[in-house]
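In order of appearance the chains are A, B, C and D, and numbering begins at 1 in each one.
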């Protein structure tokens, strides 16, 4: 049996680990275009912030590939899948046979058209380790950095480089920061924090054109800068499957076994579009835990088990300058709001179930208990919801359920 | 508030250097001695509430606590001692009978400590229990006085009902009510593991514990609490409680506050009503009445269960015992005056009855004089504190012994002697759920099993030393005992020679 | 694998487990030195409400969501034991988000820490188990 | 009398442990032979005695008086003799009375008056007592021994007799001129008391009716056994193991009617673990015996030879803490503490064995 995995990030690792739990003998080949062993992309901002090092960024220990007997083909790109012959053609001209194939190609930065963008010399995206290293090279204490995009990537980048540069300006078309994961109150809490940390946020505005080392904004404002970081958004890498005739929407369509519409071809991670377990809508849920669990599920199915991943949902844990934010699910239905002196909590209830939450600051402790309510679609009538709203406690569950949680391993 | 004549008996000493204000003392003290003072971030204590039960001391993770007897006192007076004066203050204050619990703390002679055990030298070999069998199995019950054979001359081996003990030690009566559910369960589990017996006391048998029937002695006392046919048949033996060493001649009183749903159900009495067992059995005003009850109970259980008659050790105990031995009873249990109680009038506990050692010796002698010692088994209790006490009791003539205080100590009791308050911090003498839960029967039974196992090892060791490898050869073997510091009368009653003789 | 199990029937809410845990993982010789005048951050926490109490610590799940959610690869499963490499942790709190028991808690520096069944200290049998006065916390195979 | 008042306490006044030598010779065919071989046998075990007591029991030695109880009595003084004979007159027909013939021996001194009476209970007295003849006789013997100071009945069986004294057993044999007695069964005892002056009554064999016991050992259960057996009319005046063992055997065998086999299951009961391995029926029987007569279990080391009319029983404690050897030659059976004591009278026996602990060896006359 030959398992081939295209892409060498989190989903890939999940896939390898799950295959090896079932099949210790089959060959596993990993083809990745980055020259590095699997590292955690979300850590690149921490690297610049010196909260971690390149060594520590490796997602598994150095012996990982050896221990799992994985054939690594790094710095190579797959150009096409031939589902007839079950072959992959590699950019070095070689062909690789596969029995089971996982596409975990992730996504790439999306760069909107901006006038004179090409004229900007110090222009970076912020997604890969190389992006981070390249950016690092040009940063000086005098740098004035302009970040386009006030989403997760843009803001983490801002946090990461804050102490290395003179000024940071974040520009976003949206009227508030982290619009994809926060409500207004949440956004303003984070924005306040950013401002207090010396970051300029220009919201509801966008770059009209670049002139020399200035960015002229639609509002007419002019932002001078030496370094430009583009963090507007990402695009799933779908071309391989698309060209092979697989069904693709915004991303590669997969079912709950993580299989694509193509036989023996699976997909996982940011390049895939899965079913949100709360809304039952197809979504790109480009977050790390999903990537791992999809890869894992794909791996188990590739190795012959029947595994389902039907727990895909949005969730984020992120922090800026010590202000922690944890969110999950969707923000619909009736809500329960709690504000503390240094935090904020909002719970969303729909059809007697918790469907989402936003926790900021000192309310984040034991958030996973809320997450489990969302993930398991727990009927709130079976627990003491008033109690658990106050504070996430196992106490809120029925005696029997508590005994189960404390008495048995999962 | 007026003048309080009573000063704290104990002082809580807290080593500030060691205290990490984990507040476990505060959480564990049902008497609310300890509290946390947020302002100073320190634990503070109210000595007046302390009963010296050591719960806080035992749980303090840094050993920052100790409880010391106050050295505050009255002017020395050999006659009017401090506790005497305080008792008077208490009664002048309350106008009531002084209540106390557990065995008397008064300084009466302990004859166990005035007897020494023999060992073999040269003329016959001591036996090593690690290499040779050493038997402690004991049967309790009437023995046939004449053997019988069937028409083919085969022995007829059917006997009166017997209790078989792996070790001649049993847990004596403590009622569910005076002690907690978990204490009872600990005793039941331990008795089962050890192949011995525990005793329900007068409070009936909780339905959960019927499963331990094979190792249970069910008691019938003057209050008849919880007595019904299933109950009588649930146990391996039935004990008629005529008296208790700690309070001979008076009945029992369990305050309504302790009678919760479970207990009221088990005792078959209303919730929160005081449970009062009369001083006498009102159907037993004389020995022939006792005989009737003995046979009533035998009838009720189809002669399948031995009947124990338990009496307190009083002055004419040997005559009483002789009467009981002829009443049809299979086993006589005698409770010495140092025996414990959940609650008794202090004056009775401290002044009524006689020591078990003397009672046992005179009863055994008397029954032998009358030639009826083999018609009845003798079980004694009333502060048996160690394996040595057990050996001495058996050598004096006991078939088996009853322990209760020792068992409670094993369960964590620290003899603070405030059972009557119902606030036992060790979860033993209380019915308050948050306190009862402090005694996990798994832990409790294990500690009981350990204790008895340890005693059994020591008993075997000393038996081996005497060259005896079966406990029945020790029973009544008074040559194995010598008195130390005893006068002629005491020696004569105990039926032993003085050391050196 | 032997795990720590909690039986709320016997939990007295004495909180000793928390203190023994904090001590065991303090690296200090004396408990007093380790804990006096400090707010402790144990890896086991007691929940209490109207007479009911029980301790919660890592269940060492067979399918550990925390490990699968850790963005830094700091959490891993070694022979069933869920361990954390604190030096890899960047404090993103994804594990807090993921753990259905709320068993992971940051230490005073905000770095994640978790119960590793006292395998990394000198206490042998988990200190909370040893310290529990009523066998409410046990360490056994189930 | 003065011999009765020693500075050291006597048997009966205190309990003495002692070591010993024993030997027994038995003719299954019932051939009668003199006491000489018993003397020879015991003499080789000289060092197991210390000259403070020795004695013999012979069975079948009084054929001409076989229907009468032969009482052998020590008297310390004539007053005792007078009182005792008065008592005998009241309770028995005295068929014949005489001094027991002895021969001066330089090692045997301080002898008391030694008399022999052949008696039978007075019919009227016996009837009034509502006891059987043996019980009646036994009680009279016990009465004399415990009540009449200075008188001591040391043999009281039919067609058998005990001969004992303070001294080495072989000398005792000579002293009593045992060459002149012929019996089908002899037992002999040499005593090694550890701290007694030894008095004649305290020597062994100890006998009641036709039971005689020679014993080597020191039992640790003594007082348990004594205080129990004394409930049944026995009075352990000597406080010796042999005495209490004899009484227990008398009680169990004669009065309870247990077989000697069953008696051994009481006094040398198997361990519970051993009983547990037996068949259900046996278990019930063994348990019944051990439980019913629990206080008659003998612990501590002992080897005994029980003599009775028509047989011998040898028994060891259940751990076999004392030596006991048995041998056979034709109809003859030999028992002794040491094999040498057998070889000297029977150099080549057909079979020699070591009876195991608690297992009785019972020999009886051929029918």
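Structural remarks
Here is the rule we use: a contact is a pair of C-beta atoms (placed from the backbone, for glycine too) under 8 Å apart; a residue touches a chain by one contact, two chains touch by 3 or more.
This structure is a prediction, so every number in the text was calculated from the model and none was measured.
Relative to subunit D, the chain whose mean Cα position lies farthest away is A.
The chain occupying the central position, as judged from C-alpha centroids, is B.
The centroid of the Cα atoms in subunit A and the matching centroid in subunit D are 103 Å apart. Rounded to whole angstrom, the centroid-to-centroid distance between subunit A and subunit C, based on C-alpha atoms, equals 28 Å. Here the CA centre of subunit A is 70 Å from the CA centre of subunit B. The distance from the centre of subunit B to the centre of subunit D, with each centre set as the mean of the Cα atoms, comes to 47 Å.
Contact with two or more other chains is made by no residue of subunit D. Taken as a graph of touching chains, this assembly is arranged as a line, each chain contacting the next along an open chain of partners.
Pairs of chains that satisfy the touch definition comprise A-C, B-C, B-D. Interface of subunit A with subunit C (complex): residues 14, 40, 42-43, 46, 51-52, 56-60, 288-289, 292-293, 296, 315-319, 322, 324, 326, 328, 364-369, 371-372, 375, 387, 392-395, 399, 402-403, 405-410. Subunit D makes touch with subunit B in their complex at residues 15, 17-19, 194, 217-225, 227-228, 230-232, 256-258, 262, 269, 271-273, 284-285, 287-289, 291-295, 297-301, 319, 321. On the subunit C side of its complex with subunit A, the touching residues are 3, 5-8, 47-49, 52, 54, 56, 59-66, 68-69, 71-73, 76, 87-88, 90-102, 104-105, 110, 142.
Taken in their complex, subunit B has these residues touching subunit C: 17-20, 22-24, 27-28, 41, 58-59, 61-62, 433-434, 437-440, 442-443. Within the complex formed with subunit D, the residues of subunit B that make contact are 120, 123-125, 127, 132-133, 135, 137, 139, 143-144, 146-147, 149, 155, 157, 159, 162, 368, 371-374, 397, 466-470, 472-480.
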